[in-house]
Amino acid sequence: MDFSNFLILRDELSLVFLILCLLMFDLFASASGRRLFQPVACVLLLLQILFTAFFSGDSAEAFGGMYTTSPLATMVKIFMSIGTLLVFLFSKTWIENDHEIAKGEYYYLTLSTLLGMYFMISSGHFLLFFIGIELAAIPLACLVAFDKHKPASAEAGAKFILNAAFASGISLFGISLLYGGCGTLYFTDMAAVLNPANLLQTAGMIFFATGLFFKMSLVPYHSWTADVYQGAPANVGAYLSVVSKMAAAVSLFLIFVKVFGAMAQNWKPIFYALIVLSITIANLFAIKQKDIKRFLAYSSISQAGYVVLGVITATAQGLTGLIYYLFVYMLANLAAFGIAAIVERQSGDARISGYNGLYKTNPKLSVLMMFALFSLAGIPPFAGFFSKFFIFAAAIQEGWYILVLIALLNTVISLYYYLLIVRAMFITPNDNPLPAFKSDTASRIAMTVCFIGIVLAGLASCIYNRIGMISDSSFNAPVAAIHVEEIQVNTALPADTVSDAFSGASQLHEVQN
Amino acid sequence: MEPIISMEYYLIVSSIMFFAGIYGFITRRNLIAILISIELVLTSTDINFAVFNRFLFPHQLEGMFFSLFSIGVSAAETAVAIAIIINIYRNIKNVEVRNIKKLKD
Amino acid sequence: MNLLSIFVLLPVLMLAGLFLSRTRAQVRAVAATGASLLLAAAVILCVLFMGERQAGNTAPMLFTDHAVWFPTWNIGYSIGVDGISVLMILLSAIIVFTGIFTSWNIEPLPKEYFMWFCLLSTGVFGFFISLDLFTMFMFYEVALIPMYLLIGVWGSGEKEHAAMKLTLMLMGGSALLMLGILGVYFASGAQSMHIMDMAQADIPVALQRYFFPLVFVGFGILGALFPFHTWSPDGHASAPTAVSMLHAGVLMKLGGYGCFRVAMFLMPEAAQELGWIFLLLTGISVVYGAFSACVQTDLKYINAYSSVSHCGLVLFALLMMNTTAMTGAVMQMLSHGLMTALFFALIGMIYGRTHTRDIRQMGGLMKIMPFLGVAYVIAGLASLGLPGLSGFVAEMNVFVGAFQHSDTFHRVLTLVALTSIVITAVYILRVVGKILYGPVQNPEHLKLSDAVWFERFPVIVLIVVIASIGICPGWISDLIGQALFPIVERLSIAAL
Amino acid sequence: MQDVLILRIVFGFLAAIIAVFSVMAVTSRRILRAATYLLFVLFATSGLYFFLNYSFLGAVQLLVYAGGIIILYVFSILLTNTDQESRAPIFSLRRWLAMLATFGGIALMIYLLLTNTWPEATMDTSAEVNMRVIGHTLMGSEKGQYVLPFEVMSVLLLACMVGGLLIARKRS
Amino acid sequence: MEYSILILILPLLGFLTLGLAGTRLKGKTAGYVGTALLALAALTAYCTAAQYFNLPRIDGIRPSLRPFNWEWMRFTEHLHIDLGILLDPISVMMLVVITTVSLMVHIYSLGYMEGERGFQRYYAFLGLFTFSMSGLVVATNIFQMYIFWELVGVSSYLLIGFYYTKPEAVAASKKAFIVTRFADLFFLIGILLVSYFTRTFDFGLLCSGDSALFASAMGKTFMGAAVLSWATALIFIGAAGKSAMFPLHIWLPDAMEGPTPVSALIHAATMVVAGVFLVARLFPVYYFFTPEVLHGIAYIAAFTALYAAIVACVQTDIKRVLAFSTISQIGFMLVALGVSGMNGHEGTGYMAAMFHLFTHAMFKALLFLGAGAIIHTVHSNEMSRMGGLRKAMPLTHITFLAACLALAGIPPFSGFFSKDEILSAVFAFSPWMGAGMTFIAALTAFYMFRLYYNIFWGKPAEHEHPLHEAPASMTSPLLFLALISLVAGFLPFGKFVSSNGLEYIIHLDVRIAVGSVVIAIAAIFAARSLYRNGTSAVPDKMAGFFGVFHKAAKNRFYIDEIYQFITHKIIFRCISRPLAWFDRHIIDGFLNGLACITGKGSLAFRWMQTGNLQSYALLMIGGCLLLLFWVLFL
């Protein structure tokens, strides 16, 4: 057994180490020491981020291709860790006041789901991917049900775990079909033998995709989202909507472009339909929401639709756009969720009407919320504008005019409902608005980070350029290069003309010629 | 060489099991019953993996191992799900699906 | 540093200054200083620009600068101006300047108000100096969004509905625009999003047919193109005075400016081919707006419909695609910007006193507030195209130019559009007659006072500028004519 | 041939158990019975594994499912006092749609399975898998070996344990 | 003669000074400043005239000078608006008329407007008007003319609406502006048409009679007529609007709501003849290229003259009588132009029109100013409130009589000479028309003396204040103008102005002269017998006899009502209101509907969120299977 393999996994190992440290701390620290749990967790996570950032390596494979890493993967992991860190910062008041006993669990459960997401990004094999996705889902269900004395939280937990299990069951079924069709579960091997004309493989792919679509909460795989976000503690909702979605989106891109690249003609129409449905239906739902967390849930569904635009392009620009979009979305959505959490704590309920006149009493909070919403809506000079523009540009470059048009028209609808919140905070008169209050230091640090990010992540082009550079290089890495090109095969090709799935690739070349 | 039982039969059986699970998931009215349905879904895919491995790719063990891990994952999943269901029971004193419809539009 | 960047930097500095100010006096000081500096910078720019031109610099754009921003998409911060942009900058500076004085006593939240105001100006100036489609588009949207809060918070009447409608319609336009811009960029295969670079590349006519309408309508919505103009009456009616001024005075010009700078300049073939459709729409705008204005009873609605008519004329003239008409279009932008700003300023002041904008409830105000009355009459006369005021030179350029078009269809449409000058007279005189003349309607009004210094100041500035354009239009039409040359040349080549 | 027939009968028996009890497990109104039917299905499944000469897999299936999960089910059913499922409405749109999806899905799957051209098997199909091989495969880090998933699995189980405890633990 | 620019600058200066200094000046001071500036302008005008008419003729033709021509705005290579001064016989003549009448009005107003609120404003507007009108007549090109055309329109608007608190005045000013602007629209279209084909605005080129210039315009036809004919007809519509030709005359009677001196200046002497001036200015174009339009002008003008004369006979408001009389007299001028030829004797009409313009300006201004003096005393416009004023206001009486005689065409008053020339020109064109015009001349005499007798004879009406003669500031202009009315007829007008610029000797056609004078005197006597003592029953009988006709005439043949119907019912009710409704409900409603549908759409998808986790799963698997079917089989 070659232990050098493990060194390649240093991102994950550092995280595991972090989890173990926290576990030990939780076990052995005194009650007064535990009060420092949040700072300790945050500092350690920050250290882990720095470690990952400074010791990031080149593209590499380990365990016979089961695990792959690349600067891109590392970057996404860093982004996810940053997201998690921000969530931790926002969680202080909630976790310390409501969960005196269980606060340790919150951190290492979250981190273990983060570990699962790391593996999702880095897996080179369906088994590892599957375990990763489960690791990212099952403890998350515990987190959703974390406020276990609250029926809503418990209900949300049940909905989440059952639907997640259902989706992963379907997904697993898809993997089994793919296995039957290809005889391998390694990404690279499978990519070589996939045959777009084979119906069973296509079916396998679609069943498999369910798991990711579920995590991305694309319509019609989305219905759980609103209920779960509403019922879950706001910080968990934030984590769910941001970090979890980021992992799902990036692995969606990596798997569909790199593994199912040959099947592009089969999955692109599906993605097309899902994008249109997600954006439109989620927008329609969001319009009528009264609860801020439900509202943000629908908004995040529609944002997921935009993210998938990056996948459907299947180009390096698309990948860049996608990651950048996710990053910017992360900042804005975390700010929105964080503020939702704070306001919910202060006012005791999460209705949008509770925001009426908020600006009068809590101007800074309102302004940050507004900036976050503007960023989500894609209004310059906030970062959201840039991310939308670039992802649309990538899609247009590939000729998805109608799709982009639909997406653009939907941005108008989305602007409408984002403005509803802005209106509540700034315009709607309210005789007794929420009284002025002061958030805890950690939250304020998080909000400052989000604020700076929302304002600067777009204008400072270095971020986008850097992401672009990294994803370009990863995208054009030799492993992937051969599979991305679209293979023009008539879908209607009868299945029996393809005699042997193993010779599918060669057959393809013939058809191409 | 012709196998004793052709592979398709296994697969059909597992498909029936899979869709029975799905049907159960959608129609059962009790959370634990739903969980039982999920077990069917997961087990059916395990059969698929094992069958494919045995019939098509007997020189390696990927399918079998996938089944193995899948059993483990589903066990963990079930455990957590049952914990959550019990928590629901604590909260609302029953585990009927219709009673967890508080969160909706 | 490039001179032009000042126009973006200064509002941003104003933003920062306002952010730091604590008292109303500080806010006013920062706003007034900043606006004055902007105006000064605009005048200096104008002088320097004309100096350069005098010195024989014939480059299409002057004071250019370029910095790479997003290399992936070849986006850069590219700035530069031609005669038209200079005039637009001057116009914006004047209106920002006067707008600040008009909102001298704004309540509530003066600081926030001026901050949004500054953000809006940043967008406007940025738009006019940009040569890169991306930055142009970005600034365009930056200019739009503050409208929502400016109307929503400081507006009156059905402000929330109006603000929402305005924002959504304009953003709908910018959605089309974004698609159009990206489409053009990729269709042209250009090396960058710089307009001049894109103009070098040939965009296939088949693709132009799709993107021209997108871009034109996208900008056209802001230019109140029929039937996408309905945001304008509601928006203007609800907005606070200075915002109406800035919006009708400058923001609506972004539409016209974009239409020729982007849509027609980059896609001349499609402009020639599809121009007639839009010409028809703008023709309708012109007459329709004027007729609709005739029966309105709210002062702001009247002016808003009048804006529809006048801005329709801008687009109408642009689509005539010859130098004279297009010169007229740009002049009309200037003229309409100034006189609409004047109108809105006056309406705001009148409203501030009478607390009504219903013309049926006012009368004989001339006697009570002669200064405002006279100014209103002057604005009205400018609007109906009295020689010696700016409206006349603009309209005459438009009509004479339009009538020089060789196509009968265009000339007939010109005649149709011409009728607007009579209808304009009808509604202007109707308003003047109702509110200023006649016996005093409401005895309460007898107690009202005339304008005070910070009200008179912007009014006088605007009137002086309107009159000076009306009296010596020569230098302006020269500036515009030079700037139009490359555009008209492209269009005429495309016509062949 | 005799063997073949017997094997076929055995397979048919297992298949019938799986199919019938699957359906019963999802239709029985008594939850405890449903759990029992599930147990039968799981037994039959492990029978299939044995039938396929994956004894290890079959054993694991028996141990984990029959020995662990079903017990968990029985306990939880008893704990939550919900043996009897509430009566379903006679007509329910969801039920019909579920039927439609189920039968459509089965039809689709059967169509796909029967029309698909499978890769040729390359080796003997009935050899028992050596335990040693299984051990090596599980612990190896080469291609086709599974130490990494194994490790990750351990984290998963740990996390699930912590999570399960956290949720199921009585309120303090 | 560069100094002629002062004729424009001085009144403008007056306008600017008084306008800007405004109420800071004392009313009287403002009046003096305005009057002084105008006196200077008038002086300059006289100098210009003297110098101009003493210039040597070139080939027997009076030269046309351009002391100023400044390119103001360039449209295209060929088309540009110039601002300049064109001095030729008619413009110089007009300058004299304008400045003289204006000066008289300025002086007169010092008395008439004394103590009025807005005295400064009044003088400022007068200055603006004088400036604009002078600019109009000296225009070097048609566009400059259009510019000043608009400016006089506005000054007229401002002055009619001078009493802006009076709703009638406001309505009248609005009406005047809109009607003339409506006509101006056609003028502008005409300009555009002409310039499109000729590529010039310049009068010098347009009036050169160069047929190459108009070739393309004449070659093209539109609805059976040459485009050029359309263009000139359209330009004439503009002229008709300003000059109150039927059916665009409706604004002029209402315009009498303005201060009376203003009526004298603008609505009698100067602005209303701008149309005549325009036709005269473009006479070569009309004559050479579109004679049919010229004849059309003659017919329209003749009809208008008749119509206005008839209406004038039954009006009771003295200013309205004068207004209709003005319309009628402008009709005379335009008839003369319409029937005129170019050379020699054929050109009588042109000369006569200009001559009549000149004399009419003087005596009509006199009439108005006289009426003003009367109104000033009586405080009413109604004839019924007057009567027997000849004793109270002797000076006014005498001057008014002189003006009446002039208008009636009794020698030796100036009206006789100019009207005689017109009649002889018309007779030369068509005896029938000549007879008709003679009849109208008789009607003129009739209604003028009806007015005269009603005012100055008969039984005095009751008055609260004692009646008194007007102050000297008012009577002196009356006397001056009366003097001119008396002597102007003896001017050798043909020497100064003629159609082709050559010298033209006026000679009286005795038959026509005698005939018209006899008829006029008969009419005067008719009026005398009917109205002298104000007790005759005949007028009422006649009214009864004409019945409907009388009523119709009294109501100006309901033209106003027809306009009212068109503007209010058709434009407002049938166009504007529906359009506004359409805008609010259809277009805006469409967008709101879109928003509404979007809102409803969110309800349409409610079924996705039942709260039941199983339906979520159903959705998932259902969606998944549907996608599968779609991708696999479709």
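Each chain gets a letter, A, B, C, D and E, in the order it is written, and its residues are counted from 1.
The working rule: contacts are C-beta pairs under 8 Å (C-beta built on N, C-alpha and C of every residue); 3 or more make two chains touch, one makes a residue touch a chain.
Computed from a prediction, not measured in an experiment: that's the story for all the values here.
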{"item": "Set of chains adjacent to chain C and to chain E", "value": "A"}
{"item": "Chain occupying the most central position, where position means C-alpha average", "value": "C"}
{"item": "Leading chain pair when contacts are tallied as C-beta pairs", "value": "B-D"}
{"item": "Distance between chain centroids, defined by C-alpha means - chain A, chain B (Å)", "value": "26"}
{"item": "Distance from chain C to chain B - Cα centre to Cα centre, in angstrom", "value": "65"}
{"item": "Between chain D and chain A, distance of the C-alpha-averaged centres to the nearest whole Å", "value": "30"}
{"item": "Rounded Å distance between chain C and chain D, as computed from the means of their C-alpha atoms", "value": "70"}
{"item": "Touching two or more other chains - residue numbers and ranges from chain B", "value": "11, 18, 21-22, 25-28, 34-35, 53, 56-57, 62, 65, 69, 73, 76-77, 80, 83-85, 87, 90, 98, 100, 102-105"}
{"item": "For chain C, residues contacting two or more additional chains", "value": "168"}
{"item": "Touching two or more other chains - residues of chain D", "value": "94, 97-98, 101, 105, 108-109, 113, 118-119, 144, 146, 149, 153, 156, 160, 163-164, 167, 171"}
{"item": "Pairwise chain contacts, counting only pairs that touch as defined", "value": "A-B, A-C, A-D, A-E, B-D, B-E, C-E, D-E"}
{"item": "Complex contacts: residues of chain C adjacent to chain A", "value": "69-73, 134, 137-139, 141-142, 145, 148-149, 152-153, 159-160, 163-164, 167-168, 171-172, 175-176, 178-179, 182-183, 185-186, 210"}
{"item": "In the complex with chain C, residue positions of chain A that touch it", "value": "317, 320, 374, 379-381, 385, 389-390, 392-393, 396-397, 401, 404-405, 408-409, 411-412, 415-416, 419, 422-423, 426-428, 461, 464-465, 468"}
{"item": "Residues on chain A engaged by chain D in the complex (per definition of touch)", "value": "1-2, 5, 16, 19, 62-67, 101-102, 105, 108-109, 112-113, 115-116, 119, 125, 127-128, 131-132, 134-135, 138-139, 141-143, 145-146, 148-149, 157, 180-181, 183, 186, 198-200, 203, 495-496, 498-502"}
{"item": "Complex interface listing, chain B residues touching chain A", "value": "11, 18, 21-22, 25, 31, 34-35, 38, 41-42, 44-45, 48-49, 52-53, 56-57, 62-63, 65-66, 69-70, 73, 76-77, 80-81, 83-85, 87-88, 90-92, 100, 102-105"}
{"item": "Residues of chain B touching chain E in the complex", "value": "22, 25-28, 34, 97-98, 100-105"}
